[in-house]
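Got a structure here, written out as structure tokens. Questions coming.
Naming follows writing order (A, B, C, D, E and F), and every chain is counted from residue 1.
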Amino acid sequence: MNNALILLIIIPLITGMVLIIFRKKIVFHRVASAAALLVTSIISLILIYQVKTKGIQSLQLGGWEAPFGISFVVDMFSALLLLTTSLVAFACLGYAFRSIGTEREANYFYPLYLFLITGVYGSFLTGDLFNLFVCFEVMLISSYVLLSLGGTKIQLRESIKYILINVLSSSLFLVGIAYLYAVVGTLNMAHLSARIAEVGQDGVTTTVSLLFIIVFGLKAALFLFYWLPGSYSAPPTAIGAIFAALLTKVGIYALFRTFTLIFYHEPQITHLLLGIMGVATMVLGAFGAIAFSDIKRILTYNVIISVGLIIAGLASYSLIGITGSINYLVHDMIIKALLFLIGGTIISLTGTDKLGEVTGLIRTHPYLGWMFFIAALSVSGIPPLSGFLGKVFITKGTFEAGYYWLGGVGLMTSLMVLYSVMKIFMNAFWGETNLSQEMEKGTTKGVMFPIVLLTMLTVLLGVGAEAMQPYVKIAADDLMNPLHYIHAVLGSNSLQ
Amino acid sequence: METLMAITIGFLFSLGTYLVLTKSLIRIILGTSIIGHGVNLLILTMGGLKTGGPPLLGGEDLSYTDALPQALILTAIVINFAVTALFLVLAYRSYKTLRTDDMEQLRGYEDE
Amino acid sequence: MNVKEWSELIGPLFIFIGSVFTFLSAVGLIRLPDVYTRSHAASKSTTLGVLGVLFGAFLFFLITEEYVSIRLLLGIFFVFLTAPIAAHMICRSAYRSNVELAKESVKDDLKPYLKENMVEDQV
Amino acid sequence: MAWSWFHIIILLPFLFAIVVPFLYKVFSPRIHTGWFVLIVPVFLFIYLLRYIPVVSTGETILLTAPWIPSVGINFTAYIDGLSLIFALLISGVGALVVVYSIYYMSKHREALHNFYVYILLFMGAMLGVVFSDNIFVFYVFWELTSISSFLLIAYWYERQRSRYGAQKSMLITIFGGLSMLAGFVMLSMMADTYSIREMISQKEIIDGHTLFLPAMILLLLGAFTKSAQFPFSIWLPDAMEAPTPISAYLHSATMVKAGIYLVARFTPVFGGSAEWFWMISSVGIITMLYGSITAVRQIDLKALLAYSTISQLGLIMTLLGLGSAAIYYGNGEESAFYAVAILAAIFHLINHSTFKGSLFMVVGIIDHETGTRNIRRLGGLLTVMPISFTVALIGSFSMAGLPPFNGFLSKEMFFTGVVNSTSLDIFGMDNIGALFPVIAWVASVFTFIYSMILIFKTFTGKHYPERLEKEAHEAPTGMLIPPVILASLVIILFFFPNILSDYVLQPALMAILPAFVETGGIDIHIEPWHGWTTELYMTIGVVVIGTLLYLTLRKWQGIYRFFSPEGRLNILYDQGIVKMEEFSLGLTRRYMNGSVRSYLVYIFTFMILVVGGSLLLSGGLTFDFTNDAPISFYEYGIVIGIILSGVLVVTAKSRLTAIIALGAVGYLVSILFVIFRAPDLALTQLVVETATVALFLLCFYHLPEFKKRGKGVGFKLSNLLVSLGVGVLVTTLALSADANRLFEPISSFFEKSYELAGAKNIVNAILVDFRGFDTMMEIVVLMIASLGVFTLIKLRLARKDGEE
Amino acid sequence: MFELLMLGSIVMLVLTILACLYRVWKGPSMPDRIQALDTIGITLVAGVAIFSVLNRTHAFLEVILIIGILSFIGTIAFARSLERGVVIERKRVE
Amino acid sequence: MKRANDLLLKAVIKVAVLIILTFSINLFFSGHHHPGGGFIGGLGVSAALILLFLTYDIETVTENLPFDFKIMGAIGVLIAVGTGMGSFLFNAPFLSQTYGYFHLPVFGETELATALLFDLGVALAVIGSSVTIILSISEDE
């Protein structure tokens, strides 16, 4: 029993609810939500420490023994993601302070933001398949509202598509849960794993697992990413950034959880399919990234590419591939938020998101420019920044699994990523300066702090990768050994 | 009964999918609702339709129907309702702002 | 058949009678010419029918299990209370939204009054 | 495993780069920032010199510093002859270039802090490359060289050409870097180590491995792109947009040699195989020929030098390829015979840096003092710039392979290597081996010609001051010092080549051909005069024919109109990029058409195919009706009612009918819940359904009536197919799952709810107690939805700023 | 006897619902449809009562009242919206 | 301008609302042993409220019931979470519920469960959010 797990959910939840009660006090909103996220960061740090010293932590909500109640489980994988989520959320929140505007602030922006984070935390923590659905919904419905918050035309239009596709995928999720319940008769993931391991993964179970690939693939933007480009470029920067950083990652997390814990018996079917979808994602995403010449769209397609790469590590289903994926996942959350924040800042400065209309920003905004440069390198996996290690290991993992095409495409697309982000850098920051400071539409005042924070994180995670590796190793080991998880949840003697 | 239910559920899914694929926004939302019904029935069916008593203790029933799927469906219904409400209001707002409910006119690549 | 079994049939009998009333109202619902006349069938005899059924059920539980169901009583009371109001509202809305009377109607008392007082209110 | 001073020294440029902006801020423009920066390469050079005595005895030093030790990635510095040569070149030429740049780059106009930060980044990266033993650290520094080169080429970022060149070089070299990375990964899988040294010791395992060839090709792609080998050479001429000190430094002396270094470093691993031999030597010789022929037609001095660099790199590459045959023979006479080529490669590497560096600097001086590099506008500078002329003369004669300059020595050795290789009887060399000397000779003729063009078209002939942008005069002394130093080295090395060979070449050779370590190396004695050998005749031939051709240049220059491979390649690249973008845009627009219906069709089709396919193929399709609960007639009735109402929703002409029919479905479902013994569900479903219908009615009031929107039969048919597919899939999967119940559900536990939770209503006990958390989150969802509805109605931001 | 009565009742109710459905389908006016729906609601109340009797369970008695309430609210809301054009008025109108 | 009077409706509605409220509260309290519970009880209450809104108008009702329903919902969630957090005090896992039988003066032997408090939160949240939804839509012009 470890009640710290639930605190992660409760703190943002309660803060959000209290903020609803005090609707008018914007300053209080800011302070309270920042404080809540700081506290959750600290708790996630504590959790990491606890998992490292004491192994996987679990909490049986309501005190009901494992397969019957809802279990909360934190292993190193989720703990790392929790910490990253907290940090990234904190940074994006800081960006929102100066950029989101008072109308949105007065209309529950901060509570909704906190609920979104709550949903994400919940998804990372829960050990129960149905509860995962519920946490997904908390996250999704907050994202619906955040996406449409403000009600501009483009927001409304994209919200409709986004909601529709997500509603359907949620339905499919429930369908999958229903089938699985019929076949295996339980909802607890550890119990599911134990039961399936007991009788083997037969045809029906494999088929149901493919349904889960589709469901989580929809959330993770794995191949079925059509909803993503529109909806990520519609909302204001801070929201777009947190979406880019978190939403797909939750789907990815779910894929990792289910396909390392439950459906790992037939990798030649399930994981191969994941690999194929990963390749398709990377290729299509890369084409999308180089196709367009407006900042937001380039960046959104970059989100897609990285999903493919991360899943490639899972598809390899090897220790090293998974290690790489975990590294890359953490990196990706940070870097996508960073890129979106900088991209949004450029757009708000210049008032346009078309490349080529405004050039030479580096003369007036050198720091912004260089941070974008670092981010651009980092997102393409250029060493020694944070994306490098993950990419190398994912490549190695896929090669070891014999999926040379997978790793090869991963490497090639990172060149296309580089091309696409450098296109932004070279067009927006280089060239003749044609926008004097007086003509600028926006300002970088007050929004630089989160950008600097995230930039430092990506550099530190690259240069100081060693600091994270022991944890990643634990995480990968646990993912590759479902028994660890099962023991932590069900107790060591309950493999029935 | 399970077979009959499975077929019914399949029907509901087909109808819902068909509606979702049409162009009118309101029909699309109707479609998601129908799919929602299909999902609920599916969970119930997959929980097994054994004909015990209702899951209320204290009666003279000796066996009870599986209560867990019922609880799940309850949660699902509520969530589905919340999402549908939001979706509907969004559709309403979009219509007022964008002056159309035709999804084909909401593609939105031309005006950018 | 002993007394107990007979007494157990009292409830069902009420139910059956109620059902018959309900069915009759359905006939009216189909056959009557306009909404105002149909409203009679729908509200009056259906209400009676349902009350019959509910009362039958109440009796049934009372007799067989000696169970006094507050909810059923509440239900009876509620239906009894609300059904006329509902019918009234429907008729009024029908009239206000200018639903034609049946051709056979001979008199419309409200018309002259409305003409005088509430012309603007015709939505 | 610990950090040593040596690691710090390697990283010194990076550390210093952090300080540079501050120095610039404080001292500029009083003191040229370059003076501070100069300390670094000078210090490095002197520091590294200390290692020469150690290394010359054949000793190697291995220093490991932890970077990411837990995954085996450590900053392992490996000091041997090969790395030391490169490091000395980097720091030595680096120091000269910095001096040169101090005079070249105006401290008033230029953003010097950027410039020197880039240079330092590059220097550090390059040092890292040559000293790294761990392949991944190697890769880290390798990519850093690409990045710093990118920044340096685009130093004048306002210029479109600069950006173009920078992008081109970045794309090509990073492409190479990535494929090299893939090769590295394969290597690490074969040898199960990240250390190059350990890979060498496991050569046998690697040789027989299936991944041998792919790994090799990928690795070579990295080398070829970096060293601008044909056809990846196109980036180098465009990189000349960089300031001239940079061209001298990166694009002649150091960065492009990283590819050479890579090949040399991995020769012990891959060498001795036919593939390695052929790939390197043939690519090298083609590059050499291509570069020299193309260089002749250039009218921009820097472009000429760029192509000459390509050609010279091809030469070195050829030698490394040919020399790798030595490994096939192991250790001995025969092996030593072919190892000469390797020796020549290393020697020429050094020589090339000296003469090409000096030439670039002279060209920079010309550019700086006259304002142009166009050969057609230049001429007769001899009288104006005598010192520059002397330096240029030395440089280009050395490049042409004339005595008494070091180029002659290495050129002779090159011919030796090429001629020796004709006697090879392995790798199929006996058939076409003779081609090598022929091509090499032809390429040398052209090399001679462009060297002559460089010197004579610029400095002799008539001087036309009016064609120049500035009045030409000799450069300031400080600017002349570095090229003069290099030029004097050119001469010194000719007379005393053996200083070099004993202390540096020998250990480097042993690093490339480790087989010689046991025997203490081969006898190297470089002499200008070998007697009347084939090589000498070849050189004389080059001079004679070359002079003839140079004099008749005008007569045959016309043929270049029909022959411009570099143009073709550039068009290929440019068109490739454009076509790629067009293709991407077309493709992406085609499927990302904004129509949510298309997306759904993709998604559903994919689902039907994948899940349905799996259901059929995996044998999961089973039916079992034996356990079905019995059906009563009213259940049939309700089911039929549901289906009919559902159909009504679809076919309804008016939205109201559709909504009512939907409500009917919902109510009938709740009746089903009653039948299936789920009172709580029935209650909730009833209320929720009513609320939903009410909401529909509230909102529909404003939504338009259904319209006939004819979209053709195809549209409807595909919708029908997809929806039928979904339905059939759901049904069959449901039946299969139903027939495949493997376990008892866990729910019997909940039947103890009265004892456990004090509740007789099991469902309620599950909701508030066993799975209370679900309920808690569910009301949160409801809460958020209501907030969402509220804000949707209340908050209407116009599209004010460009942010959204 | 008991079963027979029950069966008869169910048949009647089903027929009633079918008749109402016909009215919903046919119209011709909106109030007609609402009327019919209201009747369906009330008939469902009866149906659930019969079901409870048939199964001798109290579990569904709540459903009866809920259906009644909902059908009433629904009818009122429908009628309101027909009559006034809006369902809920914002301002007090005297 | 005269308006059609709703005398009949208003008269009946008052009783009907009372019935519905009674029934809802009954549902709410009996949820532990019979069908019902916080959710459905809450919906019942909001049904009663909506009936009031239907009969009167928003202005009148909100004057008499001056709640901000969003705040009510938030408080409901807070109560639900709070009961869960109560278990922290007893060093039990989050959401641990307990129950006991008490002898109360009027009701006699009564079971009191913390789950009831949880359910109260649920009910409040449901009332708050459903009324917010309906009101928001209705207030839109």
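The working rule: contacts are C-beta pairs under 8 Å (C-beta built on N, C-alpha and C of every residue); 3 or more make two chains touch, one makes a residue touch a chain.
Fair warning: this is a prediction, and the values are worked out from it, not measured in the lab.
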Any chain that touches chain E and chain A: B, D, F
Maximum centroid distance from chain B, chain identifier (CA atoms): D
Centroid-based (C-alpha) most distant chain relative to chain F: D
Contact-richer chain pair (by C-beta pairs counted) among A-D and D-E: A-D
Intercentroid distance (Cα basis), chain B paired with chain A, Å: 28
Centroid spacing, where centroids are CA-atom means, of chain C and chain D in whole angstrom: 81
Chain C-chain E separation of Cα centroids, rounded to whole Å: 10
Touching two or more other chains - residues of chain D: 589, 594, 596, 600, 677, 679-680, 683-684, 687-688, 691, 694-695, 698-699, 730, 734, 737-738, 741, 745-746, 750, 760-761, 763, 767, 769-775, 778-790, 792-794, 796
Shared-contact residues (touching 2 or more other chains) in chain F: 3-4, 9, 16, 20, 23, 27, 33-36, 39-40, 44, 47, 70, 73-74, 77, 81, 84, 94-95, 97, 129, 133-134, 136-139
Touching two or more other chains - residue numbers and ranges from chain C: 71, 74, 78, 82, 85, 89, 92, 96
Inter-chain touch pairs (all): A-B, A-D, A-F, B-D, B-E, B-F, C-E, C-F, D-E, D-F, E-F
Chain B-facing residues of chain E, complex: 57, 59
Of chain B, residues touching chain F in the complex: 54, 56-58, 74, 78, 82, 85, 89, 92
For the chain D and chain A complex, residues of the former touching the latter: 66-71, 73, 136, 139-140, 143-144, 147, 154, 157-158, 160, 163, 166-167, 170-171, 174-175, 178-179, 181-182, 185-186, 188-189, 214, 580-581, 583-585, 587-589, 591-592, 594, 596, 598-600, 602-603, 606-607, 610-611, 614-615, 618-622, 730, 733-734, 736-738, 740-746, 749-750, 756, 769-774, 777-778, 780-781, 783-785, 787-788, 790-792, 794-799, 801-804
Residues of chain E defined as touching chain D within the complex: 10, 14, 24-25, 30, 33, 37, 44, 47-48, 51, 59-60, 62-63, 66-67, 70, 73-74, 77-78, 81, 87
In the complex with chain F, residue positions of chain A that touch it: 1, 3, 6, 10, 13-14, 17-18, 20-21, 23, 59-63
